[in-house]
Each structure stands twice: as C-alpha cells, then as structure tokens.
Amino acid sequence: MAGNTFGKLFTITTFGESHGKAIGVVIDGVKPGMPLTEADIQVELDRRRPGQSMATTQRKEPDKAEILSGVFEEKTTGTPIAIVITNTDANPKDYENLKDVFRPGHADFAYLEKFGVRDWRGGGRASGRETAARVAAGAVAKKMLKEQGVTVTAYTKEIAGIVAENLDLNSIENNPVRCPDAKAAKAMLSKIDEARKTLDSVGGIIEAIVTGCPPGLGDPVFDKLDAKLSQAIMSIGAVKGIEFGDGFKASSMKGSEFNDAYKSEGGKTQVQSNHGGGISGGISNGGDIVLRTVVRPTCSIAQPQDTITKGGEATSIQIKGRHDPCICPRAVVVVEAMIAVTLADCLLIQKSIQSK
Amino acid sequence: MAGNTFGKLFTITTFGESHGKAIGVVIDGVKPGMPLTEADIQVELDRRRPGQSMATTQRKEPDKAEILSGVFEEKTTGTPIAIVITNTDANPKDYENLKDVFRPGHADFAYLEKFGVRDWRGGGRASGRETAARVAAGAVAKKMLKEQGVTVTAYTKEIAGIVAENLDLNSIENNPVRCPDAKAAKAMLSKIDEARKTLDSVGGIIEAIVTGCPPGLGDPVFDKLDAKLSQAIMSIGAVKGIEFGDGFKASSMKGSEFNDAYKSEGGKTQVQSNHGGGISGGISNGGDIVLRTVVRPTCSIAQPQDTITKGGEATSIQIKGRHDPCICPRAVVVVEAMIAVTLADCLLIQKSIQSK
Amino acid sequence: MAGNTFGKLFTITTFGESHGKAIGVVIDGVKPGMPLTEADIQVELDRRRPGQSMATTQRKEPDKAEILSGVFEEKTTGTPIAIVITNTDANPKDYENLKDVFRPGHADFAYLEKFGVRDWRGGGRASGRETAARVAAGAVAKKMLKEQGVTVTAYTKEIAGIVAENLDLNSIENNPVRCPDAKAAKAMLSKIDEARKTLDSVGGIIEAIVTGCPPGLGDPVFDKLDAKLSQAIMSIGAVKGIEFGDGFKASSMKGSEFNDAYKSEGGKTQVQSNHGGGISGGISNGGDIVLRTVVRPTCSIAQPQDTITKGGEATSIQIKGRHDPCICPRAVVVVEAMIAVTLADCLLIQKSIQSK
Amino acid sequence: MAGNTFGKLFTITTFGESHGKAIGVVIDGVKPGMPLTEADIQVELDRRRPGQSMATTQRKEPDKAEILSGVFEEKTTGTPIAIVITNTDANPKDYENLKDVFRPGHADFAYLEKFGVRDWRGGGRASGRETAARVAAGAVAKKMLKEQGVTVTAYTKEIAGIVAENLDLNSIENNPVRCPDAKAAKAMLSKIDEARKTLDSVGGIIEAIVTGCPPGLGDPVFDKLDAKLSQAIMSIGAVKGIEFGDGFKASSMKGSEFNDAYKSEGGKTQVQSNHGGGISGGISNGGDIVLRTVVRPTCSIAQPQDTITKGGEATSIQIKGRHDPCICPRAVVVVEAMIAVTLADCLLIQKSIQSK
C-alpha cells in the first residue's frame, strides 16, 4: 500500500493539501450498524480547528465534515465512509515568495528530492492541515471504542519547560493549551505568548492515557501494540519521539523496580503497578495504556532565517503565513485520533482471533 | 497481513519459538543479482549470539544460518530467501515450574488473553531469541544498503545511568557492552556484574547513526521514515521508547534553535545542523539519521518475585533460566538490523518513484 | 487492508453508493510530475456514462469528475489524488418497495448476512455505479501507461450468442455496443432491444488486448500478472469468468500446439505465436496480453420474479429502476480501467526491481 | 508485500526452488488452540506427491513435512507455523543443457527479463514443485474450515477432450487422474498415455465444489470472494482461465434464466438454483461454491522444439527432465489448497465483522 493508508482491518486513507480544494479521508472496515452522523465527527474537528485562541494560527477554517458514503439512515453500513473537508480560507499567495527556497525545519527540500516537484502552497501535503482528516477518522474510531468501553484521553504535559504536575483530567478543555493543571496552563500560555511576540515558537510534550483497554491487543512480533502506536503517532508531522510507561527513565532502573507484578482482584488479573504503560511484550495487559510524545517547536517562525534557494544560492527568509506558535494544544486532538484509529484496528483483529 | 511480516517491497516474515525446533525468516523482495552467502549472515548472527561474555545469557547456541532458497551460484535471484537457524541448546525443563504462573514484566498473561493458549517454554514466541531471525534479515538488508553507500551503526549509549561521552565509533566492538567509550564501558560492565550478583537486571539506551542515506526516503503521510523506523524498533521486545535527533529535548527548545538551516556545499544541499536527526517532515533530508531507543531492564530476574497463577492464586517465583542481566549489548545488533530492513524497504520504494 | 483498496504501489481506494451523495476514488502512488487534468478523466467517464443509447440505463448522470488533491499546476505531485463524482439523478424511491425483499441474482441477501444492515437504494455499494470510480482511476493509470508505450483496448466480443468475427479495432467506438465488427454489432443491438422489450436481459463476452507491454511484469508466485488481472477483473460486479490466450480451449490442446516458441527479431526476443496470451509462468513475455471475460445477463429485469422477503415469506417482485439490458457495452470501459490500474501497479514494482 | 505472500488475516508466505535445498511455507494467522500434527499435513502432501502413477513425473520425492514452529503440545499457538519440505531427489544436471536457452511455454525468458538472473535448475521458483508448499498450507486451512463445517472438493472434469459426466464424488481418489467418473477416467488415462508415448502433453479442466460455506464471505469491492479465489487459483502455474457457476455459458443466457431465486427452507434462506456458483455480487450466498479452471498442457515435452538461446541464436531443444504428461491429477490437490487458504482468510475477516 502506498503511504497514505494506515491500518489492516480498520483502514484509513487520507488525501489533501493545505491550500488545495479539500482534504479528507476514506475509512474502510468500520463496524456495520453503528450510529454515526456528521455531528459526531464535527465535535472532534471543532477541537482541532484553527483560530480558537491566540495560541493557534489565525487561519479561519470552519472545518465542516461532509460524509459522502458508508452511512445510511444514520447508521454505518460496513462500506467505506468518505469524509471531505473543504478548504475555504486557503491563501496560497502568502507562500509565493517561498516557492523557490527551502524553509528551515520544513520538508520542502526533502519533498523536492523525493518527488521532483513540490506543491509549495503552505507546505502542500506536508502541512499540519493534513491532520484534520486523521481527526475525522479518529472520531469514528472513538465511537467504536466507546461501545467497547475504551476511552482515549490526551493532554499537554509540558510546554517550553513548564511541566503539568497536579492533573485534573476533567479540566483539560478548560484552557486553550489543553493542560489538566490550571496553574501550569497559565504559565504555558505566557511562554507561548512570549514566543509569538519574539517571532519564535516553542515545543512540548503530550501525554495520553487509554482506559478500559482489554488485554490481548497487538500482534506479535512486528505489529506489537506499542510498535503500531509508535508508527501512528510518529507519523504526525512535528513529533520527534515517543515513550511508553516509564519510558526513557527505564535506562536507569532495575528489573526489580520496573517489572509489573500481577494480582487478582475481583476475579480479574491486573498489574499492581504500571511501569510498562499497560503493555507487556507488545500486547496490552489490561492496565491503562500510558504514553508520552514530544512535539518539536513549530518550524514556521516569522523571524529572519538563513537558507538557500532551489538553485543553491544563500538567502534569508521571513515566513509570513498564519502559524501556531506552539503545536501541542491542537496536536493533543490528533494524538487521540491516531491512538483511537490504531486501537480500533487492533480490536477488530483481536475479535477475529477470539471468535469461535 | 498478520503481524509477523514487515515491509512493503523488502518484506520479512519471521517465525519460531525460543525452545522450539528452529527460528527463521523469509526475506522477499531482495534485489536480484546481489552476491550473498551464509557467511554474510553468520557474521551478524555471531555478533548477537548468546554466551559471548558474562554480560549475556549462558545459553550455548551456535546460531548457524542455513539458506534454503533464493540464492543460486552465490547470487540472489529475486525470489524469497528463507533462512533457518536450528535451536540446539533448548532446555524447556527450566520453565516447567513457570507454566502456570505469570512472570512479572513478561508477556505470559497478555499472550494467554490473546490466544487462549501459551507456549510457556522460555516465553515461546515472545522470547528475545526471536530477534536472531531479524538479525539474519538485517544482514541481507545491510549488504543491499552497502551497495548504495549507506551504513548503519548502533552502540550502547547508556547503561544503568552510566553515559558514554567520548565516542570513538571504531571501538564499539572492542568491549562486550558495545560502547564506543572505553571508560564508560568499563563502568557499565561493573554495573551489569553488580546486577547479576544481586539477581537483578539493568536497562540502558542504544544510539544509532545512519550515514550516506540519500534524501527522499520515507513516504507521506503514514509511512514517514521516522514512523516506519519507530514501528521497526519499538517492535523489539524490551524497547520502551524512541527519539530522533534532539528528541525529547525539543520540548524545551525554540523553533529558532531547533530548525536546521540549509546550505549548499560542493553543489549539494545539506543541513547546517542536525537537530532533526536527518529527517524533515518524515522524509530523509540527506543528513545523518540519528536515533536513540531505551531498553528496559531484563524482565527475567533470579530473585523472588510476587505474582499469581493462571488460576488467580498468589504465589512467588524465582526465574532460573539463562538470561542477560542487561539486554543492550546484544540488542545493539538487533537495532541495526531493524534499521537496515526499514531503509532497504524505503530505498526500493524510492527507486520506483524516481524511475523514468 | 479492507476490501475497497487495490494495488501495492499504485493503489486505489474507492467509495460510494449508487444513491448516496457521491462516489469517488483516492489514487495513491501516481508518478509525480505527470500532466493531469479533469478533462483526462472526463473523457473516460463519458465513455462509461449511462443514458447514451437505448442499450443502457436511462439514468441521467453527468458523471463530472472533480479532482480534490494531488495535482498542482496541472501536474501530479506524487501525493494522493482524490476524485469525487457527485450523484445528481439518484432516485431512491424507485427502490423503496424492494427494501425488504431479496432481488434474485443480486447481492441483497449476501450483504445482509455479511453486514447485518443494508443500503437498499439501488443496491447501495453493490451497484454497478461503483465502477465509475474505477474508470476515473483507470484514466490516470492509462496516462501513466501511455508514457511507457502501453495501450489497453477492450471491446465486446460476444452478446447473446452473436460473436464478433472480422475485427476492426478502430471501429470500436462507432457503435453503442462497442463491438469492432459492424455487422455483429447490429445483430447484438437487435438482441439487446429484444431483451429490453421482453423485460429481460442478455450476457456477453468482452475481449481485451494490451500492446506494448514490456516483458517482466508480474511477481512470482501469488502476484503473477494473470492472477492480479484476474482479481482485478473478477471484482467487477457481473463478471463470472476470465481466460487468457487460448484459455478454456487449452483443455483439448497438446503441449506441442500450445507452447509459444521464441524467435529473435530485430535483436528482440519475441514469441512466434500467442497461445499463452502474452504471459508465461505468470510473467509478461513481451507478446500482446489477450484476455476474455464473461459478463452475466443483468440481474435487474422488469418481469415478475419469485423471491422471498427478509422475513422468509414468498413473494413476487418487478424491478422498476433504470437498468442496462446488457452490461457489456459499458463494462468494456471498466475492464480497460481495471487492466490499466493493475498494469500501472506491476510497472511500478518492476521499475524498482530493475533499478540500480 | 512482495509477491510470495497471500492473504490478509490467514497469510501464507512460500519459498523454495525446484532443485534447491528445500521448499516451504510460513502460515501466519492460524486460529490458536487447533489440534495440528505433521500427519495432518502429510496426508495432503501425499496426494500431490510425484511418482504415484505413470500419469505423473517419475521424480522420487518423499515430500516429508516438518513443522518448525507455531505448534506446541500438538496444538496451534496463534504464532506462525513454518513448514519445510526438503528436496531429496533434485537433479540439476538434467537442466544444464537448458541453461542458456528459453524453453517454449516456460517462464525462462520472462524471469530473465524480470530479474536479470535465473535459476535454470528445473525452472527454479517457476517450477510446479513450488505448489507443494501451497498444499501444506492448504492442509492447515482445511482443518480450520472443517471445524466450521466447510468442505472443499476438487476433481478432474475434463482431460484432452474427454469429459466426466456421471459424477460420483466418493470415487475421486479411486483412479490416478482424480476423476469422479470411472469410465471417463479410463479414457483420460489412455489419452495421457498416448501423449506420453508421442512425447507430448495434454490439458484439462478441474472443477471444484465447496459445501457448507456460510453466506457473507468476501469483501466488497475488490476483495470479492470470486475475485480472491481467482487470484488464488490463477496464481497456480499452468492455469489459464477460471469460471464460476455457469461461467462462460452466461454469455448466451438471459437474466430470467441466470438469476437464482431465493426460497426459505427450514427457516434458512437458500438459492433455488445455482447458476451463480454460490456467489452473488461477490459475496457467498449460502449455496455451494462451484468453479472450474482450465489447466494448459504441460510445457515440458520431450519432442524437439524450436527456440532461441539467451544470445538470440536459433536452436532446437529436447527437454529430458521428469515431467507430468498431464498436470490435472496433481493440480486437483493444489486447487483445493488454494480454495481452502482463501476461504480461511475470508472466514477470519467475516468473524471480525460479525463480532459484537
């Protein structure tokens, strides 16, 4: 399969460029008979939508989801669900002065080497706008997971060195950075504002927790749950790393500290601790799945930067498009979506293995 | 595809259990006409082989590679190359006392939930022994990469808190921990010895560098190079996290610091710095690919641990098999193999895109 | 991958129901830098479009192709090309009386058993209307093939027992049945007209010839060229069989008759005869690829038919929708499309194998 | 996936050349907990084994199946099952005189064009010997199907123009041509003998019937059951065509004749007739699946044939290896295997769709 399709039984294929006509997704393998309306998708798209606060890009996109197929009488039919989101505030002219230069940090040069041609309008396919299609697919996956008692929650854990400490997961949507620690959120916002004012950008860390995940998801040996989740999340544009459970801390831990012992509670086998992040040997063990992913500071910054042109001449650029000074607040929604899509796929595979 | 196959054009399918008859791999999509002998594979298997020092398990396995197909007159034919490695020192009796209990940290419980049955002999398919098949495949991939001028080098960067600092990449194979800093290596070894003596285990970090990688590898949007590498490496048993370039440090960096500007040198476009780890927007940018992955402390430890039986009764176990007190030294070879396999796949795809 | 995606490097994913909002396709893996406009696609859609003669359904659909992505400045960019065709003359009310009965020959019962729900509007996803998306994809594939000197031509070989004999391939589009024998075409048309008047339908055979196909396409052992073409063509709704070269006649032939000997002509190795239909051992041998496929008589007929309801009660139905009394004339275009899509995929794979 | 892997959830990957060390298969996705021994596989391999009568090649191969993995305590574990069959009677010298010429009908030229190199020992990977690996996989699939009440039966329907008419399916194994009509079998055998004596070969038709297949198998739109079965069966070396139900006869039938009406019997919906061969709109409809496939006369014949050398010079060859004068009797077993493998895959997918 070419690179724009993900998943084996629950399969998403996305398309679209930042300043083209539309972006969208075809979701194949959705369970038939599940209630689904455009509103179900809109609620997630609205969370990712730009222009919601000064922390995000000022591009005005309604991001209206239109379902073209696969749903009949407000129920899924088991056939592919195509969802299209029309681009309404495209502004390719913002990018005309950039069409022959390589923006630092961006994929401009790499795309040109790969394809020999390049859609320079706002990064084209390499734009973060592409992730709206993932969020639409994630909304469908989440509905499916909810029916199975699985919930996916992500939030901003760290921005520009400010770390969330006292987490109240019910308060995530209460602030524009999607941080469950109100005090940290305020400090993060001021860091973002400072970056914006200095024509710079900041990075951060997103944490995600999956509750209610049944044991047995993931397939040995290459399709381990953490391996698939890693592909899913690392495929989000600005992500540069991922870790599960205690993650990188494990390098200075001992086996006797890291091992999660089992207990039996109410007739159910459970882990006593969760250093492994809910995954043992690549298979879900019934504990909460816990992962963290690092988001690099936005590439597009308005201050002058040195670079070269396609022809190899040194030059300086200033990027004038509308950009998020920090990607985390909106990427939280994308991380949830990619986790949901991955789990939906694993669940369907496991249903088959468990069947009589 | 079920979970034991990896790759799209360069495809590996592995099989085998720790204490079964044999393990092995079928490699499909190898370039035809490439010289290949069993010796090419053996040299890599020998690096991963157990029993080489006190830092590794004392299981004695010659790990002899036998090529069953796909090679004729010492050249690849373009048809699948099957490689089998017979298990000669299997000792399932070591595990009989463990067959009804869930070893902490291991996949025992998760496998049982997944499949309903379980090969309890040394973890069965979940054993690290499975990775020998990956190393055999990696040897073939490395040969293909070498013809294209690409080299993959991994080494131990950190064990039990000891960090390698002055790196001499020519010295990696000079010590049993595969650390390119002789002084750090010595300290690491003493940490491992201490763990072994206290019936415990330690974790670490492996770093890898790919040189000579052409720009343009990786496919938007889900098959980005870092996304595929992440699935490849996270699918190695004990790995709990991965990062590229500056990785998790990016969370407290600014865009103006993280962005890699381009320069033109000798008619070639190059990055001036390498915070992104050789990858921009998921596509290789011609810089060295740099990644780090964290390896958890070995699950199997000989000290008593609390756990429960299949039936839910509390019990205590001591794991008596032969185990590595630290997985890093041997996992270095597996990390290289999985990187090589992934790059071989990306290269073949890119060859098709670039063709006339 | 779920079942609505086809191909490995040149990958198409289709969606849409007969009386839903739209149908469409996402084409991934198209060579970058290839000129492409909506007009290129429209020319093929117009050939398949309904309502062109009394031989086809009277549904009025303009079948306008809209490209949403993957094309920039009238050139492909290497990113997915989404094409949407809006349904404008949907008439679900025609089908309301059929929503609880199983139409003979149709997939109604099978879909209900498969999915538990069913979009009864004109067969939903099982409608022949789905093939418009394939034709759009085929138009893109044909352009790619043309650049490589490969042409795909299909035509009606037989309808209702009337067999085309004196073939003039330049005359295919001169008559509404797409038969390259003007005299046979006339007789076929009268058979179709007779079927229409007696509220019945007729079947036929489509033949296809590929010229300019380079040797070496197709991959041992499961992705042989004829195996992939068979999946591609058998996946068209009404098709019930396929044969290559001498096909079923081979059952009464001898090896000495069937074997195609090789000759050298102008420095090129060529087959002297073409009993094998241009394919040896599943790989193209440089000869013209020749195949025939049988199309069953249209399921939807207006005469009364016995059947049962969902609840199991016997009943009689008359199908009043707008239907083709013979599918061949329009299926010719779909057969060409599926051949083109398959060859495009094989070509891209072979480009990688042949690369240095 | 490269071309030696088939199936999505029940996945087989085969390897091996005719005169190499061994051939084999890795089967991934087998239901865990299913009883399985080498004897289960041997019984099918013994049916395909050469040297059983004068109607087949005289090569002596015991075709002993060795299971290397995936089975523990005589039960499948859900992990990949590797099966290896060692070549013991390889005789590459028989082919040395052929290494620089293109055998008519064979894949020699096509492979050389594809790969640039060629294993000339008995056709290498293109040999019919490759199908032993498919039969081993088919044996496992059949066991799985049997547990679900599905049986697959194939037999010789026609050889050299002799057609079986009075079928007694219990008598298939009573004669060396596997024809369920004793009288026709005798006539077929004498045709084969005649071909052998005149240094020629004959073709034939194999028919297959699947009983007990539940409705709902196959996935719209490209993975229709008949489309997948067509790929599976057309991928067998000598096959040149396939048809379902009335197949090519449909070209001269009317819709009112071809449509299979539904009836309700014992609370079950059933087809009253079976012109469609148990498949409607690409999905199984609960009727028996009926298909026929044509097998070309064996390429390898001992009489002199004109051809050219690699260098383009005209020459004449006589093929002296040990070959079947008619492939049908043994191909019957391979056809059954490929049907079983395909149905196992469809069943697992459908289990997931039907799950709660």
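Order of writing sets the chain letters: A, B, C and D. Residues in each chain are counted from 1.
Assume contacts are C-beta pairs under 8 Å (C-beta built on N, C-alpha and C of every residue); 3 or more make two chains touch, one makes a residue touch a chain.
In this text, all values refer to a predicted model and were calculated from it rather than measured experimentally.
If you check the contacts of chain A and chain D, which chains show up for both?
B, C
Give a one-word verdict, same or different, on whether chain A and chain B use largely identical residue numbers at their interface, taking over half shared as same.
Over half shared, hence same.
Report which interface contains more C-beta contacts, comparing A-C against B-C.
Spelling it out, more C-beta pairs touch across A-C than across the other pair.
Since chain C and chain D are copies of the same chain sequence, what is the angle of the rotation superposing the Cα atoms of one on the other, rounded to the nearest 5°?
Nearest-5 rotation angle for the superposition: 180 degrees.
With centres defined as the mean of C-alpha atoms, identify the chain lying farthest from chain A.
D
Could you work out how far the Cα centre of chain A sits from that of chain B, in whole Å?
26
Using the average of all C-alpha atoms in each chain as its centre, how far is it in Å between chain A and chain C?
Going by mean C-alpha positions, chain A sits 38 Å from chain C.
Using the average of all C-alpha atoms in each chain as its centre, how far is it in Å between chain B and chain C?
So the centre of chain B lies 45 Å away from the centre of chain C.
Spell out, as numbers or ranges, the residues of chain B touching 2 or more other chains.
1-5, 8-9, 14, 32, 78-79, 114-116, 125, 220, 353-354
Which residues of chain A touch chain D once you look at their complex with the stated criterion?
So the residues of chain A in touch with chain D come to 8-9, 31-32, 78-79, 220, 348-349, 351-355.
For chain D, which residues are in contact with chain B within the complex?
1-5, 7-11, 13-17, 20-24, 26, 28-29, 32-33, 66-70, 72, 75-82, 84, 114-119, 121, 124-125
Flag every residue of chain D that touches chain C in the complex, lowest number first.
Touching chain C from chain D are residues 1-6, 8, 14, 102, 104-111, 113-116, 123, 125-126, 130, 158-161, 195, 200-205, 214-224, 226-228, 230-232, 234-235, 237, 240-248, 250-264, 267, 269, 272, 276-277, 279-286, 294-301, 303, 305-308, 312-314, 350, 353-354.
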